[in-house]
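So, here come the structures, one by one.
In what follows, subunit A forms one complex with subunit B and a second complex with subunit C.
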Partner chain A sequence: MKPTHRKWISGLSVLAFLAIWEILVVTGGVKVGDVSRPTLVVKSFFELTASGEIFQNLIISLRSFFMGFAGALVVGIPLGVVVGHYRRPALVLDPMVMAIYTVPRMAMLPLLVVWFGVGLGANAALVFFSGLFPIIINTSVGIREVDQTYVGVVRSFGGSEWDVWTKVLLPGSLRQIISGIRLGVGRGILGMVVGEMYTGTEGIGGRIRVYGNSFRTSELIALITIVSILSFLMMELFQWLERRVKGHQAEKV
Partner chain B sequence: MRNSRSFYTRYEAFILGSLGMIGILVLWQCASWFEWVNPVLMSRPTQVALALVNWAESGDLLRDVWTTLWSLTFAFVASALIGIPLGVAMGWNRTTEYALDPFIWGLYSAPLIAFWPLFIIWFGIGKSSIIALAFVFSVVQIVINTVEGIKGLSPLLNLCARSFRARPIDLFFKFMLPGALPMIIAGLRLAVGRALIGVLVGELFCANAGLGYHISFYGARLFFGDVFAGLFLLVALGVSATQGIRAIETRFAHWKP
Partner chain C sequence: MQVVVENLNVVFPQPDGSTFRAVEGFDVQVEKGEFITILGPSGCGKTTTLLVVDGLVPPSSGLVLIDGKRVTGPSPECALVFQEFALLPWRTVEKNVMLGLELQRNFSSREMKEIALRYIDMVGLRGFRNHYPHQLSGGMRQRVGLARALAVNPEILLMDEPFGALDAQTREIMSSELLRIWEQDKKTVLFVTHGIDEAVYLGDRVVVMTGQPGRVKEVIKVNFSRPRSLEIKDLPEFVSLRRRVWDLLEEEVIGKVKARSRQA
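The block that comes next holds the complex of A and B.
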C-alpha cells in the first residue's frame, strides 16, 4: 500500500467519525447536551477566540508550564548527568529517585497547593515534578550509553576533562536528552491541566472545569481539543528535533 | 580486613542506596523536629508511621485500599480485554490501522484528564467515571504496544505458517499472540501504572473512599502525616501491581531473546 493511502484512509475515517457524530445528534439519537456536535464545537471555538478568552487563559497556563518546565530542565539535566556519569553518587541517589518517581505526581497536588500556594505556584510545581523525572532518567541513560572508548581516545590524545564533556559525552547523549524532554513535555502538560482543574477557574484547565460543571459541552470539547493540539504540537516539535539530531549523528559516523 | 572489603564491594549498591534513603529520612525528621521548616507543613517520618498505624486501626485503610484496587482492577482488565483485540486488528490489517491511528495517537498525546468533566456528564459522579478515566488512560497504551508487537513479527514466519495452511485461528493463537506477547506484556505493565494515575486523579476530584480521596481529604485539612501515609500506600500499590505483571512476564515471555 502506498504511503498516500495512509493519509486518505486516516483523513476519511476522521471525517466519517465527525459526520456520524453530527448526524446522530441532529437526528436526535444522542442528546446534544451530552456530546454536543462538531459544528457547535467549531462555533464555540470561534466565540472563545473572538472574546479573547482562549488567549488570556492560554497565557496563564503556559506561564506556569514554562516556569515549571524551565526548573525541570535546570535541575533535571545536571542531576541526570551526575547520576549517569559518577558511580557513587548514582548509587546513593538511585533508590531515592526511583522512590519519588513511583509516586504519581498528581497525588502530590494537595501538598503542593499548601506549599506553593493555589494558582501559579502549585501549577508550576506540579509541572516541575511531572517533567523532572523523564529528564533525569533519560539524561542518565544517555550519558551511560556513550561508548567509553571515545572517552579513552580523547584522553589518550591529551584531551582535557572539558573536551571529554563537550566533544563526547554531551553530543553523544543529546538525542536521549531530547527524548527525555519530549516525554517530560507530555507529562508537564498533563500536570498543568490537572493542577488547574484541581485548584481554580483560571487557565485552560480551570476553564475546562468551569464549563464542565455548567454542562456546556461545546465549549468543553473545544477547550479539550485546544489542549490536545497544544500537547501534540509540542511533542511533535521535540520529535522533529530528535530526528534532526539523529540524522546529524549518523552523518558524522 | 580483606573480607570486609569484598563484602562492601559486593553490596555496594545496596549499602549506598540504603544510606541515601536513611539519610534523607533522618534529614526530614531533624528538619521537622528542630523546626528548620514548618513541621505542620512538612510532617515527619515518625508522624507518617503513626498516621499509618491509626489509619489501619480505624479500619478505613482496608476500605480505601480495597476501593482503589477494585477500580484499578476493573479498569485494567476491561482495557486489556478491549485493547489487545483492537491492537491485533490494527496490527494485522493496514486499513484498520490507518483508520484508527489518528484516534489512538490523538488520545495518546492528549492530556486525558481534560476528559474528566465529560465523563462526569456521561456517567455521573462516582465510581463509573473514575473507572472510565482509568480505562482510557490504560487502553491507549495497550493498543499501541500490541500494534507494535504484531507489526514486529517476522513476515517470513507468517508466510511459512500460511503455506502450511494454518487457519486464521491457528495464526492468531500459535503465531501472533505468542510472538507479540513480550510487547503486549510490556504494554500491560506500563498501562497498569497509567490506570492507577487515572483512578487516583478521579478519586482526588471526587470520591468518598479510596487512596486518592484519603490524600485529598487530609490534604485539605493540613494533616500531612496522613497525606504522606496515603502516598506511601499508593506507591506500594503501584509497585506491587507492576511487579506482579513483571512476574507474569518472566513466566511467559522468558523464551524471547
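The block that comes next holds the complex of A and C.
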C-alpha cells in the first residue's frame, strides 16, 4: 500500500470515530453522565483560547517543565557519561541511581512540596526527577556500548583522552543519548501535569483538576488534548533527531 | 634495522591472580622496506606482538626499537590496520580516512581533504568518498581501513589479520591489491595472519610462531621476485614452500590438540 493511502486511511478512521461519537451523543444513543461530544470540545477550546486561559496556563506549565528538564539534562548527561565510562564511580553511583529510580516519582511529590514549596519549585523538581533517570540510564548504556575497537583506533593514531571522547565516545553514543532525552521528555510532561494537578489550580494540570472537580467534561477533554498534542510534538521532534543520527550508524562496522 | 624486537615477553595478569604468557622470547629484526608476515595458530600472541610494536600494549620485558628508539607509546611512524576494519560508522569514507590526520593536528582541513582523496583514489574507491561504511562491502571497508592507515604516511604499516574477515575470493584480490599499493613506495610492513597462502605470497620473510606462549619457531625466506602476481601460487616452488610452512604449523596445531585431549 502506498504511504499516502495509509495516511488517508488513518486520518479517515479518526474522523469516523469523532463523527460516530458526535452522532451517538446527539441522538441519545449513549447515556453515561456527561460524556460531551466533539463539537462541544472544539467550542470550549476556542472559548478557553479566547479568554487567554490556555495561553496563560500553558506558559506556567512550560516554565516549570523547561526549568526542571534543563536541570535533568545538565545533571543527567554528565552523570550518565561518568557512570557509563568510569568503573569506580559507576560502582558508587549505580546502586544510588537504581534505588532512586525504583521510587515511583509521584510518591516523591509531597516531599518535593516540603522541600521546594508549592507551585513552580515542586513542579520543576518533579519534572527534573521524572526526566532525569531515562537520561542517565540511556547515556550510560550508550557510552558503555561504544565498541572499544574504535577507542583503540584513536589511540593507535596517537589520540589523547580528549580525542577519545570527542571522536568516539560522544558521537558513538549520541543516538542513545537522544533516545534517553526523548523518553525523559515523555516522563517530564507526565510529571508536569501530575505535579500541577496535585499542588494547585494553575498550569494545564491545575486547570484539568479544576474542571474535573466541577464535571465540565468539554473543557476537560480540550485541555487533555492540548497536553497530548504537546507531548506528541516533542516526541516527534526527538524521534526525527534520532532517525537523522541513526541513519549514520545503522549497524556496527 | 628499522624494527628490532629482542627477547620480547608479554604477560597478562588474569582476574584469578594467575598470569597468562602471551608472548615469550620473541625476536625479529626488520629492514626498511621489508614485507614481513607473521604466521601462527590462533591465540599464539601474533596480534599482541603487533600491538606492542605499535605502542598500544607495553612489553612486560624485552626490547622494542623503531629506528633505534625505544617504543613507549603510539608514534606517528606506525599505522595499524585492524582485522574488523574498525571504521567509525558515523563517519563517511572520506572522514574515516581523515581521522589519523585530524588526530595529528598538522594539516588544514583543505590539506586533509586532499590527502584523503589521494589515498581513496589509490585504494580504488573514487566515487565512494561520501558513502558510509555500512553501505560498503567487506572488501571495500578494508580498503578504507588501508587508506586510513596510509594517509598518515607512516614508515611502518602494521596489519592485524586485515583480510581475516573477508571471503576467500575477496581475500585473494585484496592481497594482490595490497602488493600493488605496496610496490608504489615500499613501506615496511608487519603483516599478521593465520593464512599460509597469504603469508607466503605476500612476505619477503615468513615468521612462523609457536602456539601459547608465542615464540618464533622458524623464519622462512621467500625468494619470489617482485612484483608478484597471483599466478605464482601455482608454481611448484610456491607449492613446496607452502608445504614446508604447513608442516611447521601442523606440529603446532596438532601439538595443541594433543595437549588439550590430555587435559581432558
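Here is the rule we go by: the second predicted complex is superposed on the first by the 244 of 253 C-alpha atoms of A that agree within 3 Å, B and C clash if a C-alpha of one lies under 4 Å from a C-alpha of the other, contacts with A are read in each partner's own complex, and residues count from 1 in each chain.
Everything that follows uses one rule, which is that a contact is a pair of C-beta atoms (placed from the backbone, for glycine too) under 8 Å apart; a residue touches a chain by one contact, two chains touch by 3 or more.
Bear in mind the structure is a predicted one, so any value in this text is a computation, not a measurement.
By the touch criterion defined above, A:Leu220 lies against subunit B but remains apart from subunit C after alignment on the C-alpha atoms of chain A. By the touch criterion stated above, A:Ala50 is placed in contact with neither subunit B nor subunit C. Contact with subunit C, but none with subunit B, is seen for A:Gly172 once the two complexes are overlaid on the shared chain. When both complexes are overlaid on chain A, the residue A:Leu93 reaches subunit B alone and has no touch with subunit C. By the touch criterion defined above, A:Tyr150 lies against subunit C but remains apart from subunit B after alignment on the C-alpha atoms of chain A.
The residues of subunit A shared by its contacts with subunit B and with subunit C come to none at all.
Every residue of subunit C that touches subunit A in the complex is listed here, in rising order: 54, 56, 73-76, 78-80, 82, 84-91, 99-100, 102-104, 132-134, 141, 152. Touching subunit C in their complex are the following residues of subunit A: 147, 149-150, 152-159, 163, 167-168, 171-172, 174, 245, 248-253.
Taken together, the subunit A residues at the contact with subunit B in this complex read 1, 5-6, 9-10, 12-14, 17, 33-34, 88, 91-96, 99, 102-104, 106-111, 113-115, 186, 189-190, 192-194, 197-198, 205, 208-209, 211-213, 215, 217, 220-221, 223-224, 227-228, 231-232, 235. Within the complex formed with subunit A, the residues of subunit B that make contact are 12-13, 16-21, 23-24, 41, 94-95, 98-103, 106, 109-118, 120-122, 196-197, 200-201, 204-205, 211-212, 215-216, 218-220, 222, 224, 227, 230-231, 234-235, 238-239.
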